[in-house]
Amino acid sequence: MLTVLVRRLANVIPTLFAIVAVVFLLFSVLPGSFISAMNEDGRGMIDPAVMERMRKEMGLDDPLIERFGKYVGHLAIGDLGNSFRTKEPVTKLIGDRLWPSLKLVLAAMLFAIVIGVPLGFIAALKPGSVTDATSMVVAISGLSLPKFWLGLMLMYLFALQLKLLPSFGYGDGGLTHLTLPAIALGVSPMALLARTTRAAVLDVLNADFVRTARSKGMSEPRVVTWHVMRNALVLVITTIGLQFGSLMGQAVVVEKLFAWPGVGSLLVDSVFQRDVPAVQGCILLIVLFFLAINTLIDLAYVAIDPRIRYA
Amino acid sequence: MRTIGLAIAALALFVGMAAEAQQTQTPRKGGTIRMTGPYGASMGSLDPHATSRAQDGIVSLAIHRPLYSWDSTNNKVVLELATSVTPSEDGLVYTFKLRDDIFFHNGRKMTADDVIYSFTRIMDSTKGYPSARYVRVIKGAVEVEKGQAKEISGLKKIDDFTLEMTLTDRVNPGYYFFQNNTAIVPKEEVEKGNFAANPVGLGPFVFKEHIPGSRVVLERNPKFYKAGKPYADRMILQIMSEAPARDVAFRNKEIDTSILGPAQYVAYRADPELSKGILEVAEMFTRALTFNTEHKPFQDKRVRQAINHAIDTDLIIKRLVKDKAYRATSWLPSSSPAYDKALKPYAYDPDKAKALLKAAGYPDGFEFELTTSQNESWGLPIVEAILPMLAKVGIKAKPKLVEVTVLTDVALKGEFQAYIGSNLTGPDSLATLRCFYSKTPRSACRVTLFSSPEFDKVFEAAAAEVNPAKQLELIAKANAILYDEAPVWFFNYNKAVLAYQPWIHGLQANATEITHQYVEDVWVDERSPVK
Amino acid sequence: MKLRTNLLVGGGLVGLAIVVAILAPWIQITDPVLDANLMNAEIPPGADFPFGTDQQGRDIYSRIVHGARISLTVGLVSQIANTIIGVTLGLTAGYWGGLWDDLVSGVTNLMLAIPSLIFALAIMAILGPGLVSLLIALGLTNWSYSCRIARAQVLSLKSQGYVQAARILGYGDLRIMFTQLLPNMLGPLIVIATLGMGGSILAEAALSFLGLGIRPPYPSWGSMLSEARDQITTAPWLSVFPGLAIFLTVLGLNLLGDGLRDILDPQSQERRA
Amino acid sequence: MSDVPLLAVDGLRIDIGSGAQRHAAVEGVSFSIARGETFGLVGESGCGKSITALSIMGLLRQPLSLGGGTIVLDGQPIHKASAAEMRSLRGRRIGMIFQEPMTALNPLSPVGRQIAEMFVLHMGMGWKEANDRAVESLRQVRVPSPERRIHDYPHQLSGGMRQRVMIAIALACSPDMLIADEPTTALDVTVQAEIVDLMRELCAAKGTAILMISHDLGLVAQVCRRVAVMYAGRIVEQRASAEVFKDPRHPYTRGLLASLPRLGARSKQGRQRLNEISGVVPAVSAFPKGCRFNPRCTARTDVCMVEDPATTALDGGVGLVRCHNA
């Protein structure tokens, strides 16, 4: 366990450093600036004097290297700088968004697992059957729709037509507001999981030890629960990890559509307003989340697969 | 003169009607107003001085108040925090008698010191507060901005409720100090730090909660200085940048107001129920295709006029903008007191356009790059519509797509041949026209680099004129010159449309920005689904 | 059984899209760009305009047909770029190993960690909206999977003595990589690229939604769909047809990818046997 | 001992594929095994011996299916048995050992549990009791310190140990018959003999009959009293082991014998081509006309090319051979 963690951490530092550098570089060549972004709809053209003071305040006139050095220096002590837009510390900005973001991602992943894994299982147990074909077409269809479109359709159906759920927003952060965005976000990992699970189960069902289990006189349900599930899970868990880890970044579109106050919508907004410190912070968080989930997955492997535990 | 006066009266009547019709019932106390913030997926800053965004203005106007406010019924600036103001003979010194019944949300009474503090804060030399451009009109403000002085010399406290303000130019300070981001803030709260997270003001509503990216919740200020107001107990601003999502939420009665785009404007107008709750106003934005007169063909006035003739502006407004705009006749919008109704729009006349081009030495037309954003009302869709029209007279426009963010940069740096955009053109008409005055630097706003001695002469005269009526006349004249010179293709003045639920009353048709509501006048009747 | 259905339906849908794209100029009714006539704006589907007209009065059918060219180009070019980058890095990393391998693996993990949509968004913002920017943005940001696959394949082939044998024959490194190793991994790479094409088409739609898509002069399906989203209630045909085009094409690509995997991926073939 | 054999296979046919793609992978296979008897099935890989074993277990899976013939276990026609009936037979009355002990054991489950499952499934024990019995079973197959080993995972055991676990599983319920499919092929030469001896010894003690399947005629002859040689889905020679060694009648059997290395240095690779017989086993879909062995046969005559040979009784009716020239 510990070695896995240590090895992970050793990898995280250079990864984070590289990401900080990449984002810094990308945004230093980005046209437009926070100041030009303030002029929306022709309103509030900023006059040159104010612009100059703003640039100074934000340190935009310093050489890139110097700015980068400063940023990294602050980063080392956990200071992500201040947002250009709100002037608040980026850590606070992100802190406000973290919980809603996590909630959405967790709910979406839960949806994906609860629907996707059984769907793949059922399909795999009767390969070539109508059930198999139907569940796979359903799954692949879920992969073939633009997310914002799916989200809009869900809004129309569940909010406007059926009046079952609120159409947008965070509300009290409860389940009613969470459901629609979570489904919109969860459909594509659900589809991928269904597909992976099906392949994994088929794979395991053809394994020698399943034949052994059958030769023991085990009923098919027992074969599945005693010997297939766990082994299939090892294969599925990689997909779960990759999907889960990247979900916070994928949530961008859904959060924007549903006005969900997550990190993704903050990120997009910050990109368009050239609020570089906020962008940096969001991307760092998303990457950290990805790394954290994958570390968890590694640990899960250790727990599930004895071959890794003793290796 | 008379015609202008009549025009204003007619306009005021028209604009005021929607609001008027709602005032017949007695306002109900209590309830919750649920407005929407359509501009972007988050708030910028709740510190009123730190932002110039329209979205932030919605909240700012509820929590804070500047010296003046906008009277939507009469389309003019009026005193808000003062009972009277007396200008000096030379029009440079204004003496304000402040109200003595104004309390900040922390219970302290507002005095002249707070006004001085607020304006001094805006000029802070280490911070780039966007509203510095307004306060700079006060004498001595620039020195503070440059760090050469600690206090603004033009602000003098006579007593707690009397303030003397000396200006640098002969202008109406109301145009400057009705802006949300010149609001008066309490020093002690600002100095606690983190003012943006815990804003304290003197407006009708008290800050309660901000869930970034989702909503701002405000509660009734029981000690508001206007007796009996505000009516509602709570105000919620839901942040919703996605128009289709807003549409669903509005139809689902989850929000009380919603800004409409052209497509939804048509749909709502056609709906028997929804059409009852539509508030329209001619906003002070002029949408135009701006020519860079450094680019050779556009140096010739005839070319610029030719383009104005070549585009079937009315058709575009009717079909593409779905009548959610008023045809622009010159630069100043219809809500400006200097607006001249008599100006005839450029007729759609491709033949005349061709003739003008020929006269200008371009019988076969020419090619230019047209920079545009993706904005649905003043961006790419419009460009797509004018391309074939220009092609008909031999002009080939090559669209170049940029983000809205980049558009401003492109404009101010002059890195364009022509661009299409939206321009704030009010309420100070003189300041608006300054953008065509040849002594204004490009980086300030003279993006066309347009210069005309004739215009300069009239503009200078207008700026120097003491008599308001005569000044208005001169401004109108300058505006007319501009129209003939055509430094831009005059497209339209925005018609802002706000849909509201039937239980919402007292909304104002604010021509400076329709989402900016003086919420103390808004009330909710018992049909509202929220308590 | 299922294997064939996948290939058949998937291949059919993708084939249809390709045929439409190739024949676009011949099967269009009007010019999708120039034949804008505001007098004809927003006409519902009917005899003159089978899919109706858009806000500008252009024939949606003709725009869909031309959109196939753009959308397929986006999918194809970006995936070719991704595959070339991924394979080159993966091949060399697996083959040479050592520091280069560590470096490539590090960068690959980095690419996996940064959400590709965000990366593409930043690149689009730098280069400005447009087709070329989009191709670059999507072509540079999704190569980590093909890189991983190529690397893993090289490592497994290396252990099979493939490489030593070729070396003994006196083949140069590059020759071994591209003539001996590459052909052995084409199957899984084609599968990844096919599935990735669908992903690119969807990513284009997402970028359009976020305001950084492609537009002039010719439309992509994603931008048409994203533009029409305001008018779902007032003019549903504006969004239904591009939506359907995206759905069917991406569905086809996914089915095709699955079907190809069954045939081309030796691992899954072994599984089946 | 009664005359009724423990297992009687008669005219077994196993199909591969379906519809137009259907071919008989095994055809006309008949043999019987008495209680406590040891019987060997020998042939190159692909000759159909393994699927014959699977058909007895009722474990044929797509695309394989039972095409005809009867399989009778202890008087019960199990080719007609329902899935539930088959389940109760498997493990309890017939145990099976597979070639690859690494993959035949669930890698994620401790070996103790995999043995204990047998007691839970067939003897209605609780897990705790079953675990105790698993320790006992491991001890029987001579795994050292079985109390600790039951917690081990397959990857922690050596190949020989794993195969001992497989034997423990197969014999856990003292079945009437053990099917051993290449039980030693994947093992080191040094442990092969140990495993074979263990198997033989335990079966003898429990009175369990053995059906041993191998490509290795030498091994089979060493373990089994009787032996059947299969080629291309058919039994080509079936006799007492001693007779086969003494006087092989089928050219294929002769080839197999000739290819045997000296004792103690048996080929480890089951798939290795037989040196003495050129060519390979034909594919199921392309069995040659006439005698199926004719393309590789050194004693081929004209009749072999056109006519499928019938069986000829040998050794006074207890043996048989399928060859024109035998």
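General observations
Letters A, B, C and D name the chains as they come in the text, with residue numbers starting at 1 for each one.
One rule holds for everything that comes next: contacts are C-beta pairs under 8 Å (C-beta built on N, C-alpha and C of every residue); 3 or more make two chains touch, one makes a residue touch a chain.
Keep in mind the model is a prediction, meaning the values are calculated, not measured.
Between chain A and chain C, the least number of touching-chain steps is 1. At the centre of the protein atoms shown, by the Cα-centroid criterion, sits A.
Most remote from chain B, judged by the distance between CA-atom centroids, is D.
Looking at B-C and A-B side by side, the one with more C-beta contacts is A-B.
Averaged Cα coordinates give chain B a centre that lies 44 Å from the centre of chain C. Between chain A and chain B, the centres computed from C-alpha atoms are 39 Å apart. The mean-CA centres of chain C and chain D are about 51 angstrom from one another, to the nearest whole unit. Residues of chain C in contact with two or more other chains: 125, 128, 211, 229, 232. Residue positions of chain A touching 2 or more other chains: 31-32, 152, 156, 256-257, 268, 272. This structure has the following touching chain pairs: A-B, A-C, A-D, B-C. By the touch rule above, chain A contacts chain D in their complex via residues 207-209, 211-219, 222, 226-227, 230-231, 234, 304-307, 310.
Taken in their complex, chain B has these residues touching chain C: 243-244, 247, 261, 263-264, 266-267, 312, 315-316, 318-320, 374, 376, 380-381, 383-385, 387-388, 391, 399-403, 406.
Interface residues of chain A, counted against chain B in their complex, comprise 31-33, 35-57, 85-88, 92-93, 96-97, 100, 152, 155-156, 159-160, 163, 166-170, 255-262, 265-266, 268-269, 272-274.
Listed in rising order, the residues of chain C touching chain A in the complex are 1-2, 5, 106-107, 109-110, 112-115, 117-118, 121-123, 125-126, 128, 198, 202, 205-206, 209-211, 222, 225-226, 229, 232, 239, 243, 246-248, 250-251, 254-255, 258, 268, 271-272.
For chain D in complex with chain A, the touching residues are 57, 59, 84, 86-92, 95-96, 98, 100, 103-109, 117-118, 121-122, 153, 155-156, 166, 169-170.
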